[in-house]
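Structures are listed in the sections that come next.
Two complexes, one shared chain (subunit A), two partners (subunit B, subunit C).
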Partner chain A sequence: MNRRPPPVLRPRGVAALELVLFAAAVIALWCVPVFVKKPYVLHMGVILFLAVIQGQAWNVVGGYAGQYSVGHAAYFGVGAYTTMMLLELHHIAPWWGLGAAIANGVLLSLIIGTITFRLRGPYFVLASISMAEILRYAFLYYKDLTRGAEGFLLSEIPTLHLFGQEFEFVTKRPFYFVTLGLAAITIVANHLVQHSKLGYYFQAIREDQDAASSLGIGLTLYKSVALAISAAFTALSGGIYAMFVKFIAPDLVFGIDVSVQFVLICIIGGIGTIYGPVIGAMVLVPLSEVLRNPRGLVQVGLASPDSSFVQFVEAHLSNAHLLVYGVLVVVVILFAPDGVLGLLRRAGARLRRRREAQGEAGAAGA
Partner chain B sequence: MVAFAQSVPGAVLILGGGVPALAGTELGPRMMVFLQSVLSGVLVGGVYALIGIGLTMIFGVMRVTNFAHGELVMLGMYLTWGLFHWLRLDPFLSIVLVAPALFLWGAFLQRAFVNRVLDALPQNQILLTIGLGLVMSNGVMLAFTSDYRILTTSYSSASYDLAGISVSKPLLYAFLVTVAITVLLYGFLLRTDTGQAIRATAQDREAAQLMGINVRWTSMLAFGIGAALAGAAGALISPTYYIFPQVGSAFTLKAFVIVVLGGMGSVVGATLGGVIIGLTESLAAVYIAGGLKDLVVFVLFLALLVFKPSGLLGKTRA
Partner chain C sequence: MPTILDIRHVSKFFGGLAANSDVSFSVEQGMIMGLIGPNGAGKTTLFNCITGFYPPSRGDVLFKGVRTNGLQPNQMCHLGMVRTWQKVRPLAKMSVLDNVMVGALARTTRLEVAREVATAQLEVVRLAHKAGAIAGGLPIGERKKLEVARALATRPALLLLDEVMGGLNPAESEEIIQLILELKRSGLTQMVIEHDMKAIMRISDRIVVLNSGEKLAEGEPQQIVNDKAVVAAYLGEEVA
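Up next, the complex of A and B:
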């Protein structure tokens, strides 16, 4: 039934090395804005870190607990609208708004969880899609409250006063640091969840719901906990996204393609792994951003404005980056169902086996 | 987070004639509005049923939930539009070409992609078909841009007057063709050996195989027929719907609602489900609000999933 490789028990030394590498990567990324001033690079960074947060968030409920929600746009959209509406209509600063976004996301997850968690397989997937669609139609229809398809345009983010210092959210720089920090926190949180009792419960539910239930694991309770954690981070990313791109509308934040993208980030990297979503985001985000706006490459100096590549992409592909998504999903599902990480792991195992075989052959020859 | 520039508005139905002038009728105006919306609902529901039957056949025979089903409808719409635009072929006549074309395409998709994941996790099957759907809708967008297209025939906005109730001509034709196709399909499934093989495979794949049925070929056939039905439905609604690359996702979801409503795998259930959803939409548009008709359908769907997951006619759940 399940083709996921068995968990690898690793010695302590590896864990310490992993921690050092992780810290080094975060510090290195923290220093990037010091050397690189190009807004396009920072923009790409923010989008990438948001994608990491979203992928990690989906991973908790989809990867560990095995509940393939294709309706996470619901939490993303609610987070985005909560933050945006509090700021635009009530002048509540986004740092409070994000808290409200998380609260709303968790609340929504409890409602959606109660309805959908009694369903399994395709029924659960369909129910999760329906919930996001219901929200999209509701936000489109109740114009008095949500402004409908017109959406919200951000006017101005107030200055943050913290520790006697002022933080202006005008350029992309502050967003870069905030999202990088949050992405790091999300990865650490995911790590903690995976190796806690909670994480083992989730994985037990993923492997066999009925067996987990017979061992006394409350299915609905732990699925709801997984979804609540997931929804909290997704709503947070939604709120930050709204502040960063400065415009939201129902089709933009509640669309089914948003939900599909969260799943994709995990599928491409490797579902149910810590670094899968990171790798998935690193594959998906640059690809879609370049296809959507090849001029960025020109700005960074990677391509000349009149190169045939830029012109071809602009003329033909700028609206069809989803085509590439589609091709990616099909290729990954058919040829690498465990994602890039699974592919690497399998290649590593094959290499090791070959080396062992060679060693044996050498020993026999001698 | 990647900003998706394209918006996916729900399909807008242009009801020919709309609610007619009500003066001078014997029945009260309220009754007339009710009858009018019931009639429109049933006519549209017939076409929905066709889409649902295709999906339910694919699920029944292969236990694969085809999330690219709406995109097959979309391909049918574009093919019909192309035939009309370049060859001036009437949309209702073009079914003769569109349905076989979609049959071949469906069989190809089954052979090349879906067949490889029959034993994979259901989630992976779903993702694969979502991916195929994305490829189709965005491939069409590359070729035809995301502009809305309208197929205007001489009778697009014409209607018959039936005792004060206006009956949209294109919708009526579509309904009649749907009924004909459904009757043919029932006959095929019940009376022919191949039809029996399909039904046997849907009932029990392994037992069917033991009885000497070529299950692989039957699966390909079922997927082909499912795609052909979706394409035919696309052709039938092309005179009344806007045609654009993203129109499919709305149909995919609707088809699922229909199929779950009737019980997964049940052809009779899907027929009934289609009519019920058509009616629900039409009545919700009149009595609640036009903008909320899709929302009502989804709420109904969720309620059904929670309270009667086996569907109206189904007994067991997969």
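Up next, the complex of A and C:
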């Protein structure tokens, strides 16, 4: 009775250290554009931070609440189209447009949640996929409203006047800071969710819906809350993505590969953990960018233009990034079912055990 | 004693099969009601009808005088009724303390409060030394205790235990029996499904016997043991 192990709440020292490391990482990344001017590096940074936001967003509903949505492209696409269409058709600046994107994402999540949360397990997954596909087809079909497959090309982002200063969204730099800030906010938000009643209830739903329900948890309510939080951040990332790449079309933002990528970020890094999506994004984004455009390696000086690796990737893999994703998933599921983070944790535990064993052996020897 | 649970002519059909048909009885506050019957008699189905997992096909369930047909299990929990599961359902990847905290959070939004309640509840079922362990790794005896602690943390007025002694060794069963009696002394009303006849006779104030979905008998333990119909249902007609 006396030797009760310290449960749940980790010692304050660890939490403080975590906070310091987190702040240091954000500050260091904030300073990167001062030293690195190459647009390709900043471009990679933006795509990486967007992936972190998307991974964290999916993690809330997929990781904590255990509802494996493979249709998050729905919220991403709606966020992208909302921001883009408001700007191009109504000249509403994206900082307002992003607010509308979040609102539309949440609204859509409530509708989709009402329909799909009646279903459990694989049926829920299939329903979530079909929701995104319905939207993709709708955006392709109703050309008068959405311009169909032609999509939208961004003309110009207006200058933002804030605190007497002018912010121009012409280069990649401002996007770098905006997405970095938002990624940090999403991580903090995820942390807050995990350490609250919501986090406990989400996890209880993931572990056993009937038990959760018998303990007073309204399944539909809490699943909807998880999905709404998730959809808000996903729609936000969609809106920023549209402004950043300056062109969207239904297949680009509503495609199933978009949904799959969100899930993969979490699976690779570690589902249901705070830093899993960060690690997942760090693995997946460089990989997919290099596969799509191996010349980027040359631009940042990591490979020479006539390197055989670049030529091989360009010749054989540059249109096969989905194939590589597939192989990656199989490898992760086989060798690191809890993601990279789980792998690291297990390695750490093994190391600690070995050290303890050695310590005991040493003590016995002495 | 006032009635806390009133079951009036409850029937539950699955297709053509009547899992419960026209079952009526009531549970008074503070008592332990035993529910027995051969396999397939409809005991768990009745639990499901009472706790909101199934709506009854016919009849009414009144809890604290309020008709609760059609309410969801989470609403029943907030009204003060909670059940445990015959096949235990730990929140496997969460710690033992976190499991019980989920129960406690039904009555608070503050984690510190929930943690206190949960810790106290683990003391009650004598599982405090396992607070930090992962629930999925507990042996069956401790899982059963965890179920009870988690249910108690929701601060119920009525606790329904579905074969909480199933699969336990005699020492563990005895511990559960003592726990049930202790809870009774603290004023908690309980309804208990159990196959262990000795145990159920010891703890119950009244017993309802179900057979093929129908109520076969009701009475105090002594009356039930001597009831010819009950003995026939359990041992066959010839013996009776």
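By our rule, the second predicted complex is superposed on the first by the 357 of 366 C-alpha atoms of A that agree within 3 Å, B and C clash if a C-alpha of one lies under 4 Å from a C-alpha of the other, contacts with A are read in each partner's own complex, and residues count from 1 in each chain.
The working rule: contacts are C-beta pairs under 8 Å (C-beta built on N, C-alpha and C of every residue); 3 or more make two chains touch, one makes a residue touch a chain.
Being a predicted model, the structure only gives us computed values, none of them experimental.
**Q** Per the contact definition in the header, classify A:155: touching subunit B only (first), subunit C only (second), both, or neither.
**A** After superposing on A, A:155 lies clear of both subunit B and subunit C.
**Q** Give the label of whichever partner, subunit B or subunit C, reaches more residues of subunit A.
**A** For subunit A, the partner with the higher number of touched residues is B.
**Q** Looking at the overlay, does A:214 come into contact with subunit B only (first), subunit C only (second), both, or neither?
**A** Once the two structures are laid over each other on A, A:214 reaches subunit C alone.
**Q** If you stack the two complexes on chain A, which partner ends up touching A:308: first (subunit B), second (subunit C), both, or neither?
**A** It touches nothing on subunit B or subunit C.
**Q** For A:165, decide between first (touching subunit B), second (touching subunit C), both and neither.
**A** In the superposition, A:165 contacts neither subunit B nor subunit C.
**Q** Examine A:252 and indicate which partner it touches, taking first as subunit B and second as subunit C; both and neither are also allowed.
**A** The answer is first: A:252 touches subunit B but not subunit C.
**Q** According to the stated criteria, A:119 is in contact with first (subunit B), second (subunit C), both, or neither; which is it?
**A** Touch partner of A:119: subunit B, not subunit C.
**Q** Looking at the overlay, does A:201 come into contact with subunit B only (first), subunit C only (second), both, or neither?
**A** It touches subunit C, and subunit B stays clear.
**Q** Both subunit B and subunit C touch subunit A; at which residues?
**A** Residues 1, 3 of subunit A touch both subunit B and subunit C.
**Q** Hey, which residues of subunit A end up touching subunit C in the complex?
**A** On the subunit A side, the touching residues are 1, 3-9, 195-197, 200-201, 203-204, 207-208, 210-219.
**Q** Mind pulling up the subunit B residues that touch subunit A in the complex?
**A** For subunit B paired with subunit A, touching residues are 1-10, 65, 113, 116-117, 120-124, 126-128, 130-139, 141-142, 145-146, 249, 253, 256, 260, 289, 291-292, 294-295, 298-299, 301-302, 305-306, 309, 317-318.
**Q** Give the list of subunit C residues in touch with subunit A in this complex.
**A** 51, 53, 72-75, 77-78, 82-83, 85, 89-98, 101-103, 105-106, 109-111, 114-115, 128-129, 131-133, 150-151, 154
**Q** Which bits of subunit A are touching subunit B when the two form their complex?
**A** 1-3, 47, 50-51, 54, 68, 70, 76, 115, 118-119, 121-123, 125-127, 129-131, 133-134, 137-138, 140-141, 149, 237-238, 241, 245, 249, 251-252, 255-258, 260-261, 263, 267, 284-285, 288-289, 292, 316-317, 319-323, 325-330, 333-334, 337
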